[in-house]
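Quick one: the structure is below, and I'll ask about it shortly.
Going in written order, the chains are labelled A, B, C and D, and every chain counts its residues from 1.
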Amino acid sequence: MSSNAPNKSVLVVGAGIAGIQASLDLAELGADVHLIEETPSIGGRMPQLDKTFPTNDCSLCILAPKMSECARHPGITLHPCSSLTSISGEPGNFVCEITEQAKYVDPEKCVACGLCEQKCPTKVVDEFDMHLRKRKAIYRYFLQSIPSNYVIDAEHCLYLTKGACRLCEKICEAHAINFEDKDKVISLNCGAVVLSSGIDPHDPIVHAQYGYKRFKNVVTSLEFERMLSASGPLMGHVTVPSNGKEPKRIAFIQCVGSRDVENKNDYCSSVCCMYAIKQAIIAKEHIKGLEPTIFFMDIRAFGKDFDKYYERAESQYGVKFVRSKVARISESNGGTLRLRFSQENGKRKEEDFDMAILSIGLEPRKKMEKFADCLDIKLDEYGFARTSLFEPLNTTKDGIFVCGAMSGPKDIPESVMSASGAVAECTKFLALERQEKVSKKEFPPEKDVIGDRPRVGVFICHCGINIAGVVDVPQAVDFAKNLPNVEHTEDLLYACSQDCLDTIKEKIKEHNLNRVVVASCTPRTHEPLFRETLREAGLNQYLFEMANIRDQCSWAHMNEPELATEKAKDLIQMAIAKARNLVPLKRLPIDINPKALVIGGGLAGMTAALVVARAGYEVHLVEKDSELGGNLKDIYSTLEGDDPQKLLQETIKEVKENNSITVYTNAKIEEIAGYIGNFKTKVKTGNKKSEIEHGIVVVATGAKEYETKEYLYGKNKRVVTQLEFEKLLHTEKIKEYKPRSIVMIQCVNSREEERLYCSRVCCGAAVKNSLKLKEIYPSADIYVLYRDVRTYGLKEKYFGTARDKGIVFIRYDLEHKPQVEPMDKDNPDSKLLIKTMDPILDAQVVIEADLLVLSVSIDALQENKELAKLLKVPLNADGFFLEAHVKLRPVDFATDGIFVCGLAHGPKYIEESMVQAKAAASRALTILSKKTIEAEGTICWVNPDKCSGCGVCVEICAYSAIELNEEGIAEINEALCKGCGACTASCRSGAIDLRGFTDDQIFEAVNAVEI
Amino acid sequence: MKEWQPKILAFLCNWCSYAGADLAGVSRIQYPPNIRVIRVPCSGRINPISIMKCLQNGFDGVLVSGCHPGDCHYITGNYYARRKFAVLKTLLEFIGIEPGRVQFSWVSAGEGEKFAEVIKKVTEDVKKLGPAKKLVKI
Amino acid sequence: MDIFKIEKSKLKQFLDDLSKKYSVFVPAKQDRVTSFKEITLNSQLSTLNSYNTDKPPKDIFFPQTETLFTYDENSQLSTLNSQLSKPIAIFGVRPCDAKSFTLLDKVFDSEKYTDTYWKERYKDALVFALGCNNPLSTCFCNWVGGGPFNKEGADISLIDIGEAFLAEPCSKKGEEVIHKLSLQKATEDDLKKGNQLKNEAESMLSKPVEISSLKEDLDALWNSPKWEEIARKCLNCAACTYLCPTCHCFDIQDEGKSSKGKRIRIWDSCMFKLFTQEAAGTNPRPTGKERMRQRIMHKFNYLVETIGEFGCVGCGRCIISCPVNLDVREVIKEIKKVRN
Amino acid sequence: MENIEKQLRETVKKLLKEKKVDLVIGYSKGTLPLHSTPVFITHEKDVDNLIFDATCGNNLAKYLGKSRKPKTKNRKPIGIIVKGCDGRSIVQHIVENQIKREEIIIIGVPCDGVIDTRKLEEKVGRKEVLKYQVEGEKIIVEGKDFKNSLKKKEILSDSCLMCKYPNPPVYDIFVGEPVPVNENRKPNTDNLESLSPDKRWEYFEKEISKCIRCYACRNACPLCYCEECFVDQSGPQWFGKSPDLSDTMIFHIVRTLHTAGRCVSCGACTRACPTGVNLAPLGIRMEKEIKDRFGYTAGLDTEATPPMADWNENDKQEFIM
């Protein structure tokens, strides 16, 4: 097996969202990916989740397309039920031994019909459903599992344990059961390894005071998630376990197994606050009149748009938040739970609840030590994979990288970013070349349907109860059945799951369908998936149409099932009407210019530029300032003790020395024209203007500290910002203040109406700089006035250190902001008096301060607006760039070929910016590494017989894609046309039409509705 | 007797208003179930002819919603749309069509709430006007 | 045959009586446009005194839109019941238009082909044709074998003698009806007056151009470049054909959707490009030249062949209505000139 | 006027003689009183047929549309006699690539309005006019048993009464003295706008119900040069072709939209209509809207960007929710 030839294989261990993302990116780069997964299906934790915060996107819905894509990608080989047992060799040439457990079912033969499951006599608690349901010994991991085949649980199978039964074998018509199956050991030669085996949920049995397992009505958050899930054991209808009734009052207890020194889990799990809020909101949507209460220490809503979600939970949904650690839970008659807790002011209180949900934390996998041993990687103090601050994706062993929560708690987008980032790190060990072909995947030849009578297949999705809970799906099926040209109608539980996609393919063949309509969710996320399914069935992908009966129907009309059903029927009928008029379309290949433009020469921009340059592509790095470095220039230390200035200098040096990178300083982008693969940008540097041709864009323009006017800032020199303070600390200047008493105020201009977002780094900065000051002046009194301490993740322990060192943290409310006044009203730079309400003392405290440090919000750049316009990409309400999808596409824009990273995307720490920068670069490489990609098929065309050459279209086209030819007839450049249809709508004689949105199709859709 | 439910056709641009409508759904913001949506790439794709067709087919109202000025995914599509709609609206009102029948809005991908508000408003307006008669082909 | 008299003072009464058995159409003015409308309580009869209607009466028998059948989801096709509740009577139609009915009848109810919709309305219709005391400068009925007092196509021929109309039955149907109408007989004086009016009117018309050989002339000129010149100013609208009492081309259209709809027959015009547009994109009459030729040929050549008569009654509406004053008489003269 | 005709004939004769043009499009006397008819002059001998007076209501720019444009020998320019509105229509044709400026020689004539024969009928009743004579601001019409003296203004087209551009904005030769411009004139539909929406609907319903779908309006319009009108389309066939009120109303609405920002309110459509539908208010209302909203007046500038193919980020959007 082993050879020294350049290797393009890579092993990804663990097929959660991080593993899936890493595999997809690697495969797009041209690598041969082996994705191994212990369980029988890829997906990881996400399929267990009902919804995701802060958009309440259905978790499975957003994941399913990625799972399918992963399964379908020709560059990815899936190894379910497998684990990595050893690694030997060198980076670039590892030999990985993988043990693949016997499944006793031949995945090639199994059609997942489920008959075996019905016959199997052995019931086993289902670990996917968190033991809330029983499965059989032969089972499918979950309904939408990929691969879809069944497996036999050897530990419980009667035949395999006791030697008798084999009922499954008898019933299986596909002859897929193979009791002779054995565990296999596979040896793979790989250039690099990506570890993404995730976390285990904390087991709350250790917290005896909460009575988990003793009290039926105490459940973990993961169990509750399954209860909420439409595809879970309760079909989304949450009931009190002890009596089966709808709960009225539920309590969420935060930090179970997190921030817990006693249990040696003195880190924050980062995600529990948000998921508890999410669960409270979703539960409230499910159950009318539900009263959820969240018992918490700090609400850590530090991510993008999280605070708005938190605010909505409280104001709109009436979720009650109680700042308290619950002391104990007792069970009274009938299973009602009594929670004892002390309020902030120390007073004790008891309240009764129907259910208590323990927000359990994220823990390293149980087998981590053993696993680390066989891989020869080191773990940190908690047992997560050890990384260093500035190399957060590198394990202690060269060539082995880590992503996802395996190296510490992360939410979904952070996992996705770390996965893409890890891919960037892998590339140097893989021998990848620029790819010639548009698509590696082979599809069957397209069936010619031109001239055939439309034969429409209609598939109506239940989406669990997401649709079927509101819309009468059987009625819609009956309705669609009788419409003209409809040859087949069927309802599907989850249309996007692999088994249903297979069903669609089968039906296309069986009924010779030549148009397909799926009524389910939104085409914005799912159209590509279904289109690919059509391709796999030998149909042109444009013979597909969706009816959005979930996002724009069942979810929006939850209380009006009849009218929602009427609407759904109309939408389906409109889709069918359009489908009848669909025609096959072709996609034009687009050449990719293998150069990158990176906008912003801060740490994120430089990091992204280096990744791209190291992969062998030319980079143009544009910086508005006179020198590189951005905000990092003002950061002198980190909580963890690493030196950011050293990082900065090294990075700048490498950028400058890299021949593939051209740096433009004092530069301004004046114009960006073109599209993916073929951008043309005009840059002005001083008086010089240059034009850059490039294939992709990375936006890394950064952000800045807000120029606050609060708390006498700018009026008294003793009031400084956290950044200014950091500078003072690292120069001699701090001495001028003789700091004996220092006050820090957190959340200045953050988390308020105008900037309803958390600036994420300020709590850490306050802790960091407090500790630094304590180093210099051990006797100084430091008071941090905060709203919530958000030292999330592994930074939590420094918060503990700070408290241990006597730094005083006093909470304040937005309603009672601290009051700052000069001690001497006549001296503008006099010492300051800070008054604040101490909620623990329940009294006002007055602090004399030599120095007041303001943790001012991180503010989006005004220039973003201009750049967003040039790039035609959106900003969020706060002025930060808005990514394509907050969960699963955190560095992409909706517009192809443009990526975002660093503070331009939102506030974040140095290491987070670096990860995101690497992720953006890695996503960019998936494009740069191809010589051509395909354009959309939905572009405009001119019927020359109808054109009178008036030239309106020429004027209107924003892409200069139309010209009048010698005969004065309009002609469209298909490579330039973006398919907006402005010309189509403006052509008086109807000579231009937009493929995919033709006049005919719009006409038929309008006409289809009965009034 | 059941309350009369108008039917309103909504042309939504893919990048902003359609996404805004999705967001309203994802956020479970409730709004009247009276709209029937046609997704188009851009508000600039909407030919006034299609709006007239809706009115002729008997839709009680028509809404066209696109990206906010400056936000157009296709740079200027909504600016051309705005001119078209201004002229169309003036003409329809000149002819005597009730102003509430044909409406236009800008809703961004992030404005789920606004989308719901727009739909509520349009539905209320149309309900006040009653079933469409003028221009409806019997 | 007896000639009767309808006193104008009793006209209203007369028409009311008539409308008990007939759906009576009279010339009426509505918003500046005169056409034949079914008589109502409020019908003004003053338009009878004016010259011929702007719109021809052909739509009474051959409406611009005729629903052939309707369909809906639940039932089969349903053809509309074309049975009339009452037969039609037209009062005051001019001799040229009365003659147009006979031409159209030859088209719509021939041995080869019968159009039930036409036949149902026309077969029992009663036509009161009113002679033109004051023909217009655009009238050229005398060119095509007509005259201001012609009786062709009429069941009862009327002459306006001032205080009364002379009413002369000129068909079997007219004969039968008129005797039931309890009318006074006309006096000698009345008849004399009538004759005088007739002579005066005929003398008012311009001298006709001799067109007996027009069919042959046209046969010879099919390929003439003259057509291009003739057609040059034509705008290819359908004012001439839609206002022509004898033009009868139509189109069949399906309107509606899959759940319900109808098939209709609507007037069409050879002047439209679309009239001959083929699905594949070609058009045998691609320009105005071919279309203009078609219109003239159809009227003065093809119909002579098929029904033995010119398809023109000389009413002059096409001359009045043409937006560019393209005068068919000039066209005929041009053709004659080229032939000579 | 006679003076103008004389000059006009001389001018055209000279052009033909000097072989500057092979063809001149103008007006000659019609076969009906108060009607002129378009004429295509190729020989000097026919020049004396040329007339120009208040009966010359056709917009001759119609004959310059791309597909209609006569092909001349040796690619010589076409001479065309134009009033103010015809001239503006030609400017639109140039803007819209229907003809190049150098392909035509514009012979401008001053126009103080053309007659709308339906207005005449309102004055004299339903009688046939057989003779007419213009005497200064008066016009004397004569029939078999009547003779009326009318103020010219009373029978001029509504569009002419609002016309601010009686002389063509662009020309090569101008014949006669330009008509003084009345700056106070502007597109005005106040009489209709003062009505309630329902009353306006009633008005248009009444007008449009007269329409017989003969398309004389469209075909007389110089700007309706589409190879295929939307109403004739079959893929899809947006609207029905029968005189159904909805179909017909929508035809006129969409035609008005299609001419918005291009229409010069020449009134040719209204004058062409054989059933007397008053279409002029639609075009006039649009002309006003385009002027107020986008600051644009059609037919003045051959270099202009048509307003419906243009945008401005500051365009008013008071109508958007």
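Criterion: contacts are C-beta pairs under 8 Å (C-beta built on N, C-alpha and C of every residue); 3 or more make two chains touch, one makes a residue touch a chain.
Remember, it's a predicted structure, so these values are computed and weren't measured experimentally.
> Taking each chain's centre as the mean of its CA atoms, which one is most distant from subunit B?
Farthest chain from subunit B, going by C-alpha centroids: C.
> Please tell me whether A-B or C-D has the greater number of C-beta pairs in contact.
If we tally the contacting C-beta pairs, A-B comes out ahead.
> Taking each chain's centre as the average of its Cα atoms, which is closest to the average over all protein Cα atoms shown?
It is chain B that sits nearest the middle.
> In whole angstrom, what separates the CA-based centres of subunit C and subunit D?
Spacing between the chain centres: roughly 31 Å.
> Please report how many Å separate the Cα centroid of subunit A from that of subunit C, as a whole number.
76
> Could you grab the centroid distance between subunit B and subunit C? Build each centroid from C-alpha atoms only and quote it in angstrom.
About 48 Å separates the centre of subunit B from that of subunit C.
> Which positions in subunit B touch two or more other chains at once?
Expected reply: 49, 53, 70, 76, 80, 84, 136.
> So which bits of subunit D are touching at least two other chains?
Each of 228, 230, 238, 240, 244, 308-310 in subunit D touches at least two other chains.
> Which word fits the touch map of the chains here: line, ring, star, complete or other?
other
> Under the touch definition given earlier, write down the residues of subunit A that touch subunit B in their complex.
It comes out as residues 55-57, 285, 522-524, 548, 550-560, 563-564, 566-567, 570-571, 574, 869, 872, 874, 876-877, 882, 894-895, 938, 956, 958-959, 978-982, 984-986, 994, 997, 999, 1002-1003, 1005-1007, 1009, 1011.
> Which residues, counting only subunit D, touch subunit C once they are in their complex?
30-32, 35-40, 58, 62-63, 70, 118, 121-122, 126, 128, 130, 144, 206-207, 210, 212-216, 218-220, 228, 232, 240-244, 268, 271-272, 274-276
> In their shared complex, at which residues does subunit D touch subunit A?
65-67, 96-98, 225-230, 233, 235-236, 238, 258, 305-306, 308-310
> Mind pulling up the subunit D residues that touch subunit B in the complex?
Subunit D residues touching subunit B: 189, 192-193, 197-204, 230, 238-240, 244, 246-247, 249-250, 253-254, 256-257, 260-261, 281-282, 285-286, 289-290, 293-294, 307-313, 315-317, 319-321.
> Applying the document's contact rule, which stretches of subunit A touch subunit D when the two form their complex?
Per the stated touch rule, the residues are 945-952, 955-956, 964, 968, 986, 988-991, 999-1000, 1003-1004.
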